[in-house]
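In what follows, a single structure is set out as structure tokens and then discussed.
A, B, C and D label the chains in the order they appear, each numbered from 1.
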Amino acid sequence: MEFFNFFNRPKISLKSIQAIIFDFDGVFTDNKVIVDEDGKESVTCNRADGLGIRMFHAKGIPLLILSTETNPVVAQRAKKLVLDVIQGIEDKKAALLIYCQENRIDPQNIMYIGNDVNDYEVMGIVGYPVAPKDAHPKICRIAKLVLSKKGGQGVIKDLAEKLINS
Amino acid sequence: MEFFNFFNRPKISLKSIQAIIFDFDGVFTDNKVIVDEDGKESVTCNRADGLGIRMFHAKGIPLLILSTETNPVVAQRAKKLVLDVIQGIEDKKAALLIYCQENRIDPQNIMYIGNDVNDYEVMGIVGYPVAPKDAHPKICRIAKLVLSKKGGQGVIKDLAEKLINS
Amino acid sequence: MEFFNFFNRPKISLKSIQAIIFDFDGVFTDNKVIVDEDGKESVTCNRADGLGIRMFHAKGIPLLILSTETNPVVAQRAKKLVLDVIQGIEDKKAALLIYCQENRIDPQNIMYIGNDVNDYEVMGIVGYPVAPKDAHPKICRIAKLVLSKKGGQGVIKDLAEKLINS
Amino acid sequence: MEFFNFFNRPKISLKSIQAIIFDFDGVFTDNKVIVDEDGKESVTCNRADGLGIRMFHAKGIPLLILSTETNPVVAQRAKKLVLDVIQGIEDKKAALLIYCQENRIDPQNIMYIGNDVNDYEVMGIVGYPVAPKDAHPKICRIAKLVLSKKGGQGVIKDLAEKLINS
């Protein structure tokens, strides 16, 4: 059994997690977007997260990006990291419940990493809500785990090390 | 009535604000510009501001970007966020007065968010001058509200939370 | 007469400065370069410097960028800011001496802003060597003025305010 | 003989180093990658490292980039800086041993600069493992030298100054 502790927060065992779902902006990125003169967008990701995702893949844990916006940048990054992605859904909570039903997973066995108020509802129904260090205070308050990395600084790698190596 | 307080600065009621006008560079961005070999420009915005703008839209408050430069990047970001924009005006104060006349708004009911000395004059004639945390000292001194976020770190979201949620 | 003081460094009068010469990387920028898959380069500049340059232009002070590399990005930024630029010179000191001869300026009346060891020699022959806050320690030691801004954070605007407004 | 000291770590003589091998991401860069809507990647490098590389070239020390990923950005940056690069190798340790054999160098005379856990093994077999200031704690622990610069802030220039100037 793999455990870790974070201050007085409850211990989390990797065995009880059946899928990890990520918000994209503010988790894989610093929540910023580069906009050029043609309106083309770019975002800044972290190479460390590629290693983190490989660590989860090696453990066979399903990973998924859940993003409100339909955004080509998210699709491109997901493709590179070999990650599934659900995009263009207005209601994240509803989308997660459908995902759980289709994959026969109890939301109590879902870990969700989100950073802003639009993640608040969905984080309220999963068993393991997680926040990057610089998430909105409201999000940090409901998180069972607040990571030691800010969005875009290697949040997924940090999570992988906390869940897998300890 | 919605109020908030900031140190010993006067309380601001959302009801007395008939429009919020934003400078672009240094407010939506960190005042930086990425320049490539062809002279093409890009700027770095914050996803959080998209949420902030939706909060203001939900309250029905008119929002406007007022920018000295005629800049395709500003137009593109404004389009994405469904914001009106007035560009290519040398004299911001004159442009604001025309806007007020056309929309029959007293400048005393205008909130203006600016960051540098070229915003000084226009901020002197509105009722609610507001500055990002890292604005020029001259601007911070005349601001009725200095935000807790720097330009590009989610200034508009911060403002929305201060005006709407509290 | 316009003066300013910086710790115990000598006062600088704008009247004794006949031209201001800038290194580009590390002064207009944070010394970083964005490289894409095709080798195309971009750099990050600061909008504030545009205001600073206008302040110097209004005072009629000649401004010049002196860059070792022949770099399209430098040319593009200079064009936008209406600045002269000399590029592709291996020996900055020699280039500056030629510039002084052609314009009949005594190097003692030149202000030069540089950030790294390849500016060391040229900064030794001008009357007013200036360094951004994050310049190389060797450069800071020979500078008559160390600015309060780092490269790319508005070094030229900071200089303009120190020389013109005080 | 050129020496330097770093806290209580062993002194390093440039004479005993026959080649310096660099990991790319997190050494030349801040470990971040900019991704656009087409999946095109860019990274942020530091102009100071160009000076550092010239310092090593002047001393005639062979330099090499060793990168797991086959990445056009790495190739472009290497080309600009006139650096050799070996890309697309899964096993860095094996690649380094082949390099040593082909060039008849004892790994004990190799300096290797790496930042993350995938550099751990290869850093265990070289004589001079070096880490940027913000490398993974595991990497810092096995490094004979931890630099005073973070990845992308001029790591190579810092190393050149420590090895050559002191």
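Here is the rule we go by: a residue touches a chain if its C-beta (ideal position, glycine included) is under 8 Å from a C-beta of that chain, and two chains touch if they have at least 3 such contacts.
Small disclaimer: the values here were computed from a predicted structure and weren't measured.
Traced through touching neighbours, the fewest hops from subunit B to subunit D number 2.
Simply put, subunit A must spin 180° to overlay its Cα atoms on subunit C, rounded in steps of 5. Farthest chain from subunit B, judged by C-alpha centroids: D. With centres taken as mean Cα positions, subunit C sits 44 Å from subunit A. Centre-to-centre separation of subunit A and subunit B, using mean CA positions: 31 Å. Looking at subunit B, one finds that residues 34, 42 touch two or more other chains. Taken chain by chain, the contacts form a single closed ring in which each chain touches exactly two others. Chains that are in contact with each other form these pairs: A-B, A-D, B-C, C-D. Listing the residues of subunit A that touch subunit B in their complex gives 25-26, 31-39, 42, 116-118. Those residues of subunit D lying in contact with subunit C across their complex are 34, 40-48, 51, 72-73, 76-77, 79-80, 152, 154.
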